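You will see chain A twice below: alongside chain B first, and alongside chain C after that.
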Partner chain A sequence: MTNAIPFPGPALRSDADGTLVQRFDRELAIESRMLGKRYRRAWALSDVALQVPTGAVSLFVGPNGAGKSTTIRILLDLTRATTGEAMVLGHSASAESTWVRRHVGYVPEQLDWGYGWLTVAQLLTYHSRYYPTWDDAYAQRLSKAFNLQLGQTMRTLSKGQGRRVHLLMALAHRPPVLILDEPTDGLDPLMREGVLETLVEHIAESPTTLLISTHHAYEFEALADHVSVIRHGTLQAQLPMETLRERLRRYQARIPAQWEAPTAVMKALLRRKSAPGEIEYTLWGDETELTAVLEQSGATLWNVSRLNLSDAMIALLDPDDGKQSLRSAQEDSRGIS
Partner chain B sequence: MLIAVDPHSPTPLYAQIVDEIQRAVALGRIAPDELLPSVRQLAVDLRINPSTVVQAYRELERLGVVEMRKGLGTYALRKKVTARERRAIVREVAERALRDGFRYGVTAAELLEGIREASRTALSKRA
Partner chain C sequence: MSATTVFLPSARGLQWIVFLRLRRFVAWAAFLFAAFDTLLIIAASRAGATTQAVRQARGVVRMEYDPQQSFLLVGIGILMCMVLWHDDEPRRRAYFWTLPVNRFWHAAMKCAAGWIIVTGLAVGFVLNMMVMGSLLAALQHYPVVPHASLQAWHYLVPLVAGTVAYLFTTSIMLASDRPVAWLIGIPLTYLASRWTTQNFGYPRLYSMLESLWSGSHGMCALITGGLTQIGNYPATAPFSAWAGSVVVWSALALLAVAGAAQWRQRLT
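Let's turn to the complex of A and B:
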């Protein structure tokens, strides 16, 4: 498979299986193919194959400027892709944008509405007319839970209040897909807790696919079952959380003098720390196999541990030179099979 | 019933819930035939994905700790800790101690001696 468009950086294997960037063999609520976005000369996105299975709670993780908001804005046709296409519930994000917007609840990152003169109540009435599925009783319940002052004009709201108005607008038509772009940005810990509680209640009541973009993965760790990791406009990983927990491990071992890491270990290496006589490697792969390889190499393994989501994200977003060999190794194995 | 989980622990959440409830049933903190919280209630209490609670309850049912009754909810069953489960717990604690010991350069034999000594002094203090 060759790309006609020259993308910057190493080509991403979006069709590799058993690797960090997976394709899901399930019904997808959100799917993009070879999505690219160029601003003048720079590619903000290249060859992004985002996949969110139906019913999943998927985290879209990456540092600021990695391309999360651009991807989301393409899904809602707020900006157009330079290459590739995006589908939401099987409908084209660009050609069928009206249909898509009606079926998606969206909380944007920037609260720039241009409706500053409207009161909260007026904005909600106006907004609800666009949605045949608007649940007024639910809207009122949320408005009480969020402590909204309906008579206040939008321009006088604080960032936190504004975000909650947006969240209410996104939830109250009970859309099959919810896309939240940094939903807890600018919220104090108490409000965050409230948002989390509202989301849990919402998905327990209505079947919803959730895509949450965030650079604070740990906030949604308890909610998410899938994760897509993006850096410099390309997907670094896309996995069910369970696979991430299973295959990403930290191996601590004592090593004899002149020990050299076996090739299989180097291929699996994401991050490493070493001191004289000992190593601490973060490896991606099958634990039993890697343990055996390490022990055969003469290393004395004394601990293998799982990583929490924060540490896992650091390993995926900031791999050291090991990542290069992981990448080329996967390309090699693809060539053979 | 209060269940505590740590969303940032590397141990999967469903496994934490399974452990907590299994222990509570084994120790009698949850009585036989007691109704466990609904999926929605536990999910909201713990701020976790409802599907994680479902996964935990299914696993508990497989282990024979609870029973899901159609339309009624999830109930605890009468459950005794088997010798095998007890051995598994002992093994887990032992492995943790060994790993810790290794960091300080303590051998397994020294560790055993240390445990004997510690339990003797702990007992004499209590007496």
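Let's turn to the complex of A and C:
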């Protein structure tokens, strides 16, 4: 395979305290190696090494166009990677794609998935014929829990109702892996709550690995134990939630005039806000060490706080809002004003 | 269950879903035939009430089977295929392609399930023409005399014409991300090429292109059975010429479908 256009750059980023993209040495349900996808002259994905340990609930987070859906499509052989390979339950996503699709429950991003001219009941009957492990009793239970109108045609359903049908189709054959692409898109808060409860019950009943692609990470905060962050087709972070909670902190401090941030702080910096005489840094690393470094530099810390998942995602996604990224911060030898 | 097992879809399930998809199309086709038949029957009943002399002067209301009517089945084959694959466009990575079965066989079996319905319509069409021919004759009191040049195999012509059109359209629907552009583009390109080669001095190329349509094994022979002007001009092509065109075009159409289905085994 020729690569006329080079990769934009390596995905791995590290700081003084270790990497943001971790490699897990546990058994993996989903794994990709050097995954790249090029559409014409643009790379949609480059060097993505996604890993989801067996039994984990992993959030796959990123802004629109980050490459989440492309990665998922490669996992289900709905598109082929330009470079690298993807494995699901130890099987190649391309060479053994039928086997993989049989063992994966999938909720796609698109809402017109399925046949709009079928009734819900007809679509479920048809769908069930493709899955030998389809559990009819469970499907009926889910249908009641989701309050589905089985006689309605798919095209007359609201976004939320359609999403619930898709979820039922993904869950009722009790697959060992679930890949949900924006599963709560279009659901009202009440139904979102219901769906999350159903997912929790499902995981409790049938051991399942979940990969949930979402813009709204906070919705799954209670459920998730891993998170992968992708931006511009590159994996920015891949961590257990526990590590994320332990190592990501917001530090607020007063600083003297002419204060310069120590190198150790600059290396750990993900986001920053500053006002005259004050800083608010989001840093990645050991809290005790970073606190000590900041205090030694002359800063007076007045608050160190944990970030909620939403803020953590914003820090990791590093939006182009004028703040410098970790990499550019490392390159910036002038420090901050 | 080994990972190398070839997972196949349920043929019954697929036939059921294809029927559900096409039932409205079939119902409309049947309704249009029935409406047309009804109008003819009404007209024939009125004509039947007139005297023999008036009928001779005005002519009778007739509807007889003619292989040239197979062009209608070509249109039906193309339209039906477009309806069938409309929701399953490969470009959209639609539902069909996410199902956990071998994609080549899945596409081939869906194509076969649709073909059964196309064939059913073709048979219905021929039967309708035969029944209506007899009915109109009875209503107007004239004898049913099958045209001398019409042979038994001519009744198979619509079936084959519809099948070949359906298969070629299937291959385009499967292979292309812009099937409508191809369906319009191919005949237009053919006509433009014929015109260009004819008018800019490429006689050999022109005759090759011409034979694709009107050669002894050309598409026209396949669609009309070589019986181009029944009624006025009784000359017919022999069965062997038609059978030859059936073999050539059916083989090409099947190869096109197989190639397209194999191509869609992987979505690029």
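Note that the second predicted complex is superposed on the first by the 302 of 337 C-alpha atoms of A that agree within 3 Å, B and C clash if a C-alpha of one lies under 4 Å from a C-alpha of the other, contacts with A are read in each partner's own complex, and residues count from 1 in each chain.
In this text, contacts are C-beta pairs under 8 Å (C-beta built on N, C-alpha and C of every residue); 3 or more make two chains touch, one makes a residue touch a chain.
Please read these numbers as outputs of a predicted model, since none were measured by experiment.
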Just chain B (first), just chain C (second), both, or neither: which does A:His226 touch? neither
**Study point:** First (chain B), second (chain C), both or neither touched by A:Arg272
**Key:** neither
**Request:** Check the residue A:Arg247 against both partner chains and state whether it touches chain B (first), chain C (second), both, or neither.
**Result:** neither
Report task. Return first, second, both or neither, reflecting whether A:Arg73 touches chain B, chain C, both chains, or no partner chain. Result -> second
Ask   = When the two structures are overlaid on chain A, which partner does A:Tyr218 contact: first (chain B), second (chain C), both, or neither?
value = first
For A:Tyr131 in the superposed arrangement: first (chain B), second (chain C), both or neither? second
In the complex, the residues of chain A that touch chain B are 57, 193, 196-197, 200-201, 203-205, 218, 221-225, 242, 245, 302-303, 305-310
Chain C contacts chain A in the complex at 1, 3-7, 9-10, 13, 16-17, 20-21, 87, 92-95, 97-103, 266-268
Residue set of chain A touching chain C in the complex reads 73, 76-80, 91, 94, 96, 98-99, 101-103, 106, 108, 110, 113-118, 122, 126, 129-131
Residue set of chain B touching chain A in the complex reads 5, 7-13, 39-40, 43-44, 46-52, 99, 102
